[in-house]
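Some structures to go through are shown next.
Below, chain A partners chain B and then partners chain C, in two separate complexes.
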Partner chain A sequence: MDAAGERRQGAAAATFLAPATLVVMVMLMAPLLLLLRFSLNRYDRTELMIETVTGANYLRFFSDPFYIGVMRTTLAVAALSTLLCLLLGLPLAYRLARMQSRWKTACMLGIVLPLFIGSTVRMVGWMILFAHGGVIDAVARWFNGRGMEVMYTSFAVIAGIVSINLPFVVLTIQSTIETIDTRLEEAAGSLGAPPARMFWRIVWPLALPGTATAGILCFILAMNAYATPYLLGGPRFQMMAPLLYWEFSTNNNWPFASALALLLMTTTLLMTACANWIIPARYRA
Partner chain B sequence: MSECSLSRRALLAGAAATPLLGGTARAEDEQMVIATWGGDYANLLRANVDEPLVAPLHIKVVQDLGDEDPRVAKMYAQRRLPRGADDVVCVQAVRAYELEASGLLEKLDATKVPNMAHVVPNLRTDFYAPHIYSPQVIIYNPDKIKEPPKTFSDLLDPKYKGRVGVGDVNYFYIMMAAALATSGDVTKVDTADAKALAMKLNANGLRLYPSTDSIGAGIKSGEIDVGIMWMARVVMWQNAGIPVKAAFQTEGSVLYMSGMVVPKNAPNKPAAYKYLNAMLEAPAQRAFAEKMGYLPTVDNSPLSGKISDQLAMPQPAPKLFMPDYSIVGKLQTDTSEWWKKNMQRS
Partner chain C sequence: MSRLSLDRLEKRYGDTVAVGSVSLDIAEGELVVLLGPSGCGKTTTLRMVAGFIDATAGDVRLDGASILALPPHRREMGLVFQSYALFPHLTVARNIAFGLEMRGTPRPARDARVAEMLRLTRLESLADRLPRNLSGGQQQRVALARALAINPRVLLLDEPLSNLDAALRADVGRDIRLLQRASGLTTIMVTHDQDEAMAMADRLVVMKDGFVQQTGTQEEVYERPATPFVAGFIGRANMLGGALSDGIFAVEDTTLHLAGRYAATGPATLALRPERLSLGPPGPAVPGSVAGTVELASYLGAIREHLVRIGPDRRIVVRDATAGPARLHHAGESVAVRWGVDAERLFDAAEMPLMDLNPPGWSVKPGHSRLDAIQQQQ
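This part shows the complex of A and B:
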């Protein structure tokens, strides 16, 4: 194709892509800009918001150990959930990707099926399981006579988040491993590499981009979790998303809630960028 | 026969016009929107107010269901619009005072709501139509507690460690109960004594539940034996077979009240007034008492039968306090902040 033809093709592609890109940009950027503007306003009990340009809401966040503590809890829960999802999801994804059996479709369906049920409904299921007098408590009572309090604990929150995010992690990693040529593993095996070494030297580096994507996806979802910490963690377990909703709705403090939302988003983006940065360049997607 | 025959074109035109005839008839019914809680509350409004009392006035009621917080947030967001989305908004009394202080509410014209004359005098305001109310009481499981606590301070007894539960969403009413116990004044929620009492309760293993219903579930499962809740909920839970009874604190009980307001920019204020009047009709008030256990806010709706026994006040009559919301309304934001950082965090 000559240069003029390429230009024509480029122009046509741009014409077709422009409306969708514009819509996405507007839908994404407009609310963010509005949030940014709100976050610079001042809260007033009767006026709701007084238009001004002040960094007081951000200063309040950074100068109050309470809010820093909530952000720290959010980061810790997100990191731990991501780690657990990767530890549990990687072997599952590898086994699924290499499965030749006719049960593969059924297994895939088993992974995907929970996604058909809303996360809040699934959390209600966990609540029944974790509740006082629930299955776990009853079994523990049978063993130790005292029962076991799981509801409204950090364990309950992390278990809930892992249950929601695990299918995303498994499906993302499994699709990456599917693209790795099995002959590479066979070659490693024929050269005497034991399975663990073969996985570490062949599969892991090649699956790293997909694994990183899965980890980032899981981390973002965990950072922004609302229903799980609210329902399974209870009022005493504070994470950023329920906190900013409290500020927005109960206190009607839209400027501070907007600042919290932007801080949560910025922290998530920074952590995501860091995760991408620590992956060696040659393994990046 | 030929005179009666219709051409295909005429038949199609007639068929096309038929829905318009119905539409014209329906168009006589005006429409109004009430923003309210969902569940039993909305169903009871529909069955006892919307359909039997408002529909005959040729007003079609559309329910906008949701939680109170987003409802209030929407009112703030729409305050500059000439026409808001809702004609009537259901809110707790404390939120109504907050909205009034923000200048968002229509001053109610009592001549357009004749039933306002029947509203119990100490519940009456000129911007809020009280719908239901209930005293906040100590609740307990009679199977586990033989001698119920008599005061807020009794809940600090070590024998109740880890056995007391309250709703996190009701934090302001808990603080008003603490204020009443420490100073005899429900508005003193921001005093050091009230906060110290609440913190002592917290230190005694207080369980905070995310919703009101989860307190009932806590009593039922045996997780807690004691709590603080509205009397109305006790009636509902008793009717659902949960072993629970109410005890009035000797220092007195705070009255919980919810009702309806009309936003200044309500699009259909005449219909809103008619709705408020219907809501205050005696049969509608009785239905809410019988199904939800709330006391009628009007003096012409006497109760009888089982609900009358369930809602009967003990003798000697307990002290009941209607908070001065014009004072406590201003304290809500700071109290919420304090609760979040101290009661929830510890």
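This part shows the complex of A and C:
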């Protein structure tokens, strides 16, 4: 094709893409720009938001150990639940991908079914299990006479996040493993690789792109988790999303809430970029 | 180098028999081809030998010792897959080195062996490429090199040529055969392509519906097929179902005069090799002949092919070399199809072959001396 033809085709493509691009720009970029603008404003108890340009909100975040601590907790919880999701999800996804019997459909359904129930409703289930006087507490009391406090601990929050994210992780990894020819595993076997080494040398590297995608997905979801830390973490266990909502709705401090939102987003994006950068180029999806 | 024997090896899935009682002894350095249409159990048999499928009954012995209890990774078999199954994330050299790494071969020995395999399969210049950047033929050679690198006790080839261009197939087949010969490897190959099988095998095992139909050399299965299926599957054959009585084979209202003498009478199947039939002017009903009309005549380069109608709805194919003296007949011409004993094979109702009662050598090549003698008398 000559240069003019290419240009013509480019122009045609641009024409067709323009409306969709415009919608995305308006729907996605506008709120973000608004957020950025708000985060530079000043908060006043009586007037709420005063238009100005100041970095005070960001300064407040970085200079107050409380907020840094909340960010650190959020990162730790997200990282830990991502790790757990991958550790639990990988073997599950592998088994599922390699299943051939009619049980596969049933098992797939078992993985997908929790997604039909809203995460808040599922959290209530966990609350019944974890709460003071709840199932775990009652059983523990029956054994040791003292009971066991699980509610409002980091364990409860991580368990809740893992339970919500696991189906996404399993489905993402499983679809990648499905694309790995079982003959590769057989070939590795015939060349003398026992199952564990075969998995490590063949399945793991080939499943890495999907696993990384699943991990990133899980991490983003965990970083932004709201209902889980709010319901299972309680008032003492602070994570970013509930905190910024509290600043926004209860304190009516929109400038600071905007700054928190942008900081949370930036951190998440930075971590995701790092994860993508760590994965060797030839494995990237 | 090892002796491999399958002893009444069997695989059932519920009530369906995938492989029924296959027994086979493979000598050191022998290449045996399992040949049959898809679903005949040949691949299942191979996979049982490799250890990917558990046998329902029977045994697989390597140098006399049963290997059925061993998992695949301890059977020391070199396997070449139909799809090659090269590790897509490893270079050619790393693919070939994989089996050696699994065996813990020290680095220098491993590198030397990989270099040797690369040289043997003429892949030296491609050592650092990834499999997806190779042509089909090159991928095939990598798969072979990878399987041979571990010095396997048995080489298993699963349809190794079926993913190659027709033009490449014969060359690659010869390469594999030469490598196999040179390394003296006991080999089982599975294929559905009889030309491939004929070209590469020391011995053929023809299978159908999970059972072995015939085991033998190319000449044995071609000249003396044990069942009508083998007659039709190895080479080509005109298969006719009819009734046998006293040298006459009747297919509805068509009468074929058989070249051989048979003791049996009753329903039977006649297989006639098209390339051993010849066409001549219509004549008397001598042994080894049937009258017909040419319906189609094609000149195919090396051979001529005639489709001859011998009954209301009954046709046979006659093929002869264009190098011979015969000419291409016209459609509509009346002819006599003639043949000798070696062109025909009769099977009784139980699909058992019927033996020609004539002393061997009594009848010579198709449609010659005996036929000519009779014609000259007239």
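In this section, the second predicted complex is superposed on the first by the 269 of 285 C-alpha atoms of A that agree within 3 Å, B and C clash if a C-alpha of one lies under 4 Å from a C-alpha of the other, contacts with A are read in each partner's own complex, and residues count from 1 in each chain.
Quick note on the criterion: contacts are C-beta pairs under 8 Å (C-beta built on N, C-alpha and C of every residue); 3 or more make two chains touch, one makes a residue touch a chain.
Since the structure is predicted, the reported quantities are computational estimates derived from the model, not experimental observations.
Of the two partner chains, neither chain B nor chain C is touched by A:51. Shared-chain residue A:249: touches chain B; no touch with chain C.
When the shared chain is aligned, chain C comes close enough to touch A:191, but chain B does not. Residue contacts after overlaying the shared chain place A:231 against chain B, while chain C stays out of touching range. Within the superposed three-chain model, A:181 lies in touch with chain C and out of touch with chain B [touch as defined at top]. By the document's definition of touching, neither partner reaches A:6: not chain B, not chain C.
Touch criterion met: A:202 reaches chain C, while chain B stays clear of it. Remark: chain A residues 45-48, 66, 69, 131-133, 230-231, 234-236, 238, 243, 246, 248-253 touch chain B in the complex. Put simply, chain C touches chain A in their complex at residues 50-52, 71-79, 81, 83, 85-89, 98-99, 102-103, 130, 146-147, 150, 156. Against chain A, in their complex, chain B makes its touches with residues 67, 69-70, 72-73, 76, 79, 98, 101-103, 168, 208-210, 217-218, 221-223, 330, 333, 336-337, 340-341, 344-345.
Of all residues in chain A, only 181, 183-184, 186-195, 197-198, 201-202, 205-206, 282-283 touch chain C in the complex they form.
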